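Residue numbering begins at 1 within each chain, and the chains themselves are lettered A, B, C and D in the order written.
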Amino acid sequence: MDLNTRIKIGGLDLKNPVMTASGTFGYGPEFEDFIDINRLGGIVVKGTTLHHREGNAYPRMAETPSGMLNAVGLQNKGVDVFCKDIYPSIKHYDTNILVNVSGSTVEEYIETAARINELDHIPGIELNISCPNVKEGGMAFGTSCPSAVAVTHAVREVYKKTMVVKLSPNVTNIAEIAKAVQDVGADGVSLINTLLGIAVDAETRKPLLSTITGGLSGPAVKPVALRMVWQVSKAVNIPIIGMGGIMNATDAIEFMLAGASAIQVGTANFIDPTVSMKIVDGIEDYMRRHGVTDVNDLIGAMIED
Amino acid sequence: MDLNTRIKIGGLDLKNPVMTASGTFGYGPEFEDFIDINRLGGIVVKGTTLHHREGNAYPRMAETPSGMLNAVGLQNKGVDVFCKDIYPSIKHYDTNILVNVSGSTVEEYIETAARINELDHIPGIELNISCPNVKEGGMAFGTSCPSAVAVTHAVREVYKKTMVVKLSPNVTNIAEIAKAVQDVGADGVSLINTLLGIAVDAETRKPLLSTITGGLSGPAVKPVALRMVWQVSKAVNIPIIGMGGIMNATDAIEFMLAGASAIQVGTANFIDPTVSMKIVDGIEDYMRRHGVTDVNDLIGAMIED
Amino acid sequence: MNTDKKRAEDLTVVENRKINKDYYVLKLASKTDLPKIKAGQFVELLVEDTRNAFLRRPISIYDVQPECNSFELLIQIVGEGTQLMSQLQTGDTINTMYPLGNGFQTETKSKNILLVGGGVGLAPLLYLAKKLNDKGIRPKILLGGRAENNIIEIDNFEKYGDIFISTEDGSLGEKGFVTQHSVMNESIDKIYTCGPDPMMRAVGDIAFSKNIDCEVSLENMMACGIGACLCCVTDTKEGHKCVCTDGPVFNTNELKWNIA
Amino acid sequence: MNTDKKRAEDLTVVENRKINKDYYVLKLASKTDLPKIKAGQFVELLVEDTRNAFLRRPISIYDVQPECNSFELLIQIVGEGTQLMSQLQTGDTINTMYPLGNGFQTETKSKNILLVGGGVGLAPLLYLAKKLNDKGIRPKILLGGRAENNIIEIDNFEKYGDIFISTEDGSLGEKGFVTQHSVMNESIDKIYTCGPDPMMRAVGDIAFSKNIDCEVSLENMMACGIGACLCCVTDTKEGHKCVCTDGPVFNTNELKWNIA
């Protein structure tokens, strides 16, 4: 059976719908011992800001039932170090490298995106308006329509390639925000970023994260993520990249059925560094088993009667 | 060691902070074979509406990682049958029986609450403005300040005993809504109701619930619930009843440390029908172990530095 | 202790008998006298600390040994919960809520009784057949399945009734669905059935058309097993009823099945 | 296969040796040649399908048997993950990512070397002692713990160094903290330590005050173990560094510990 697994998202041409999620895959080299990165549809590198950021104090991680909280807080060396030192060492990957762009102010977003725009082998950015772990900016932009529109619109002016906007799940109406960023030029939306959560140690009475709150990810959030992908798919006509708790190919298919054109694998990379390859293979198996020749036919194919 | 486990919530005097959550404990008799209901701080009976409701079509339940989705849809026989047939058979319980009141319109809420107001052995209601499983009303009231205020204010006019408002977690800013209902006379708030979610079967491509979306509960949601309790505790000065994924006494203590005055046990009742008793005992053990003589000292006692 | 109360109790595995790669019989014993158990009642088993089997698993009571304070469950491996339970070893304990549900109505004047079991749906029928034997009735027992390897425990059933077999592929007994089996044409005045939903509906249809009284044991998805969550409902002529407490056994005339 | 690559591999349990109710040694073997393993490196073990141990568990490599393609882990039971792994039986497999982390710097000119292990923190010190022996150095080894039953595996350590013991309650060796042990007053020019954070800081303080070169093996909470998530950072003079890749071993002069 001849299978087409290619997916288009804006100007991106993915060899398959499987990408890795920002903040869970480093820049790629971290996984080179385990998998062939070139077999992925794409990778999204760590959240990048205009300036170097140290991130939050340790502890930054707590395990929760079927999930984890993180409060990394966008630790990164800043866009210039990315362009100068990191980009040259990964630009040879034969996959779509997206940079996850974040900032505390609209100006920072603009400036960062503008610099990424210059990099030949970066075909797109993921505009992160949903990071729950920073004091300024981050999620604040993603939880109201006006601010989401403001930053998306401003970056659209300077960024000429594919721009996907990453949405926050910590909102009353995610579809409304998706629609709003579509209307000001987003080529796609990705969701969900992490759900804001807390873990506390009853014995010491201390929160388990230095920042008290952190972002919840992993299988625990999958039902919420699927719901949001489905809601957004009813509201927009740009492609959706779905994520949140994807641990295997079955989960990935579920996101596509709910309306996602591609998916990202996040926390699962920690549990099995080879999981993204298994998902690439598993989607093909599923297609063969179900006689699906074009992976695009799975998008939104949930039977709703 | 002499322990005080009593907690006050509005006019309610709870012998301990452990209650059972609406929709997970029937009306009480369902659990009589397993536990001594009189040892509980309180029970909240199934969501009750003005008229009989058949609820949603089967299937109404799906298992998810460390949690479950339900789409019961407020099946109940209506407030009159409650008053006439059910109330007489449970009013002897030596615990606080709260009725969870719901409706499609403000008028229905008012009428239902007014009838419950007449029942001597019902010291309070839990105003459910957060049910995600009904087409009209329900969560719609709980996801915006104006509508939350409207229904709370209207019911306050007719309901004279303790009124706790049950909040929806499917919002951008739960603290704002908590504050708003406090300002129009809520004696307390309870949170969280379920998170809206979806589960789909990749093999059949069908959603696992007849209504497609349902409400997520169980340990998976605990980090989100704890965060919301903590946020609300910073915004209001009325007591908070915390819930969402409480499976044992440690979880219960975590909610109190985060700011809850009492807690409700929901989904855990399905996994262990005796769990509420274990939590009552476990809180006392914890108090002894930590030299806490008054359970009120645990409320909001998380060390935040 | 009031022995008619429902319990949530750690029971001891006294035997885990493998039938074939898909089926096993778990024998569980209590340290105290069992409560009264009716044919068609079920238990809810707790598979502890596993990520995907979060809720309890409902399983019919297959047989009871009151003298040993034990009962047996016949289980098919279909997913994680049933898989993990298949690994239980003698001496292990498993938390069990029981006895749950209403059970079959065995106060019957009928003499020509047919039990129809599809796949693992035959589980509640063994104890039912035993109970009928106690009343001096030896029922006909029709066991159906996809193929030979789905027809199990024949020896056990033979003790309490006359066995008829049908398989969809004809590898054992008559070829076809249970509803096509020749025994369906004999004179029958009561049917008890348990199996896949389409099978039970087909049996219900035949019973309806021939005016035979028919009880079916439903297998809806359950969360609590004790009527508290209202997740397991089936649509009856009187509205939604809980399969866990009003059922699992319903007389087909209560259901909306035969309403065109 | 490039044998220096990190792997995620199903390893076979060839031995699970119980030391006492709290400690056990797990011996894992690969079917292929092991990659080069440095003293102080660690593995990430996957405890599958349990509700609370969702992430992998980092454990130091205790000893290596290259000739058998196997290595040993010394594990203390502290929670669900370490508890479940204690039940592994010979022949079981466990998915293991290894070898991870930088390991101790064993290219040293120092001759008077002291290893200080607190509790289960002694784990990475055995293989380190072995490696030092290979270089002709027999280190002093100070084992500390709360009480006698926390001081384990003395026989094993004795082969590679001179053993000193301290317990907080005095039930074995000198009474007090490791930092109060008399061996601390001997002439030492390098310390390697692993144990609870307060212990390592105290040892670091002594080393600093006496101007002794000191390497510590940190045990921060980890999610990925390979530098991808940035969860495990420690604050160094050059900012946040990952304990899983820049560590777990740090020279105390890189850390901010001795800055008042």
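Heads up, the rule we're going with is that a residue touches a chain if its C-beta (ideal position, glycine included) is under 8 Å from a C-beta of that chain, and two chains touch if they have at least 3 such contacts.
Note that the structure is predicted; figures quoted are calculated from it, not measured.
In terms of the stated touch criterion, subunit C and subunit D have no partners in common. For this pair, subunit B with subunit D, the centres built from the Cα atoms lie 47 Å apart. One simple way to say how far apart two chains are is to compare their mean CA positions; for subunit A and subunit B this gives 34 Å. Between the Cα centres of subunit A and subunit D there is a gap of 35 Å.
Touching of two or more other chains is recorded for residues 51-52 of subunit C. Multi-chain contact residues, meaning those touching two or more other chains, occur in subunit B at positions 64-67, 218-219.
If touching chains are joined by edges, the resulting network of the protein chains shown is one closed cycle, each chain touching exactly two neighbours. If you check each pair of chains against the touch rule, the ones that pass are A-B, A-D, B-C, C-D. The part of subunit C that touches subunit B in the complex is made up of residues 5-8, 46, 51-56, 95, 97, 220-235, 239-240. The touching residues of subunit B, when paired with subunit A in their complex, are 64-67, 69, 143-144, 170-172, 195-200, 202, 204-207, 212-213, 216, 218-224, 226-227, 230, 245, 250, 253-254, 257-258, 286, 301-304.
Against subunit D, the residues of subunit A that register as touching in their complex are 23-26, 30-31, 33-34, 46, 54-55, 57-68, 70, 72, 75, 218, 267, 269-274. Chain contact summary for the complex, subunit C toward subunit D: residues 49-52, 80.
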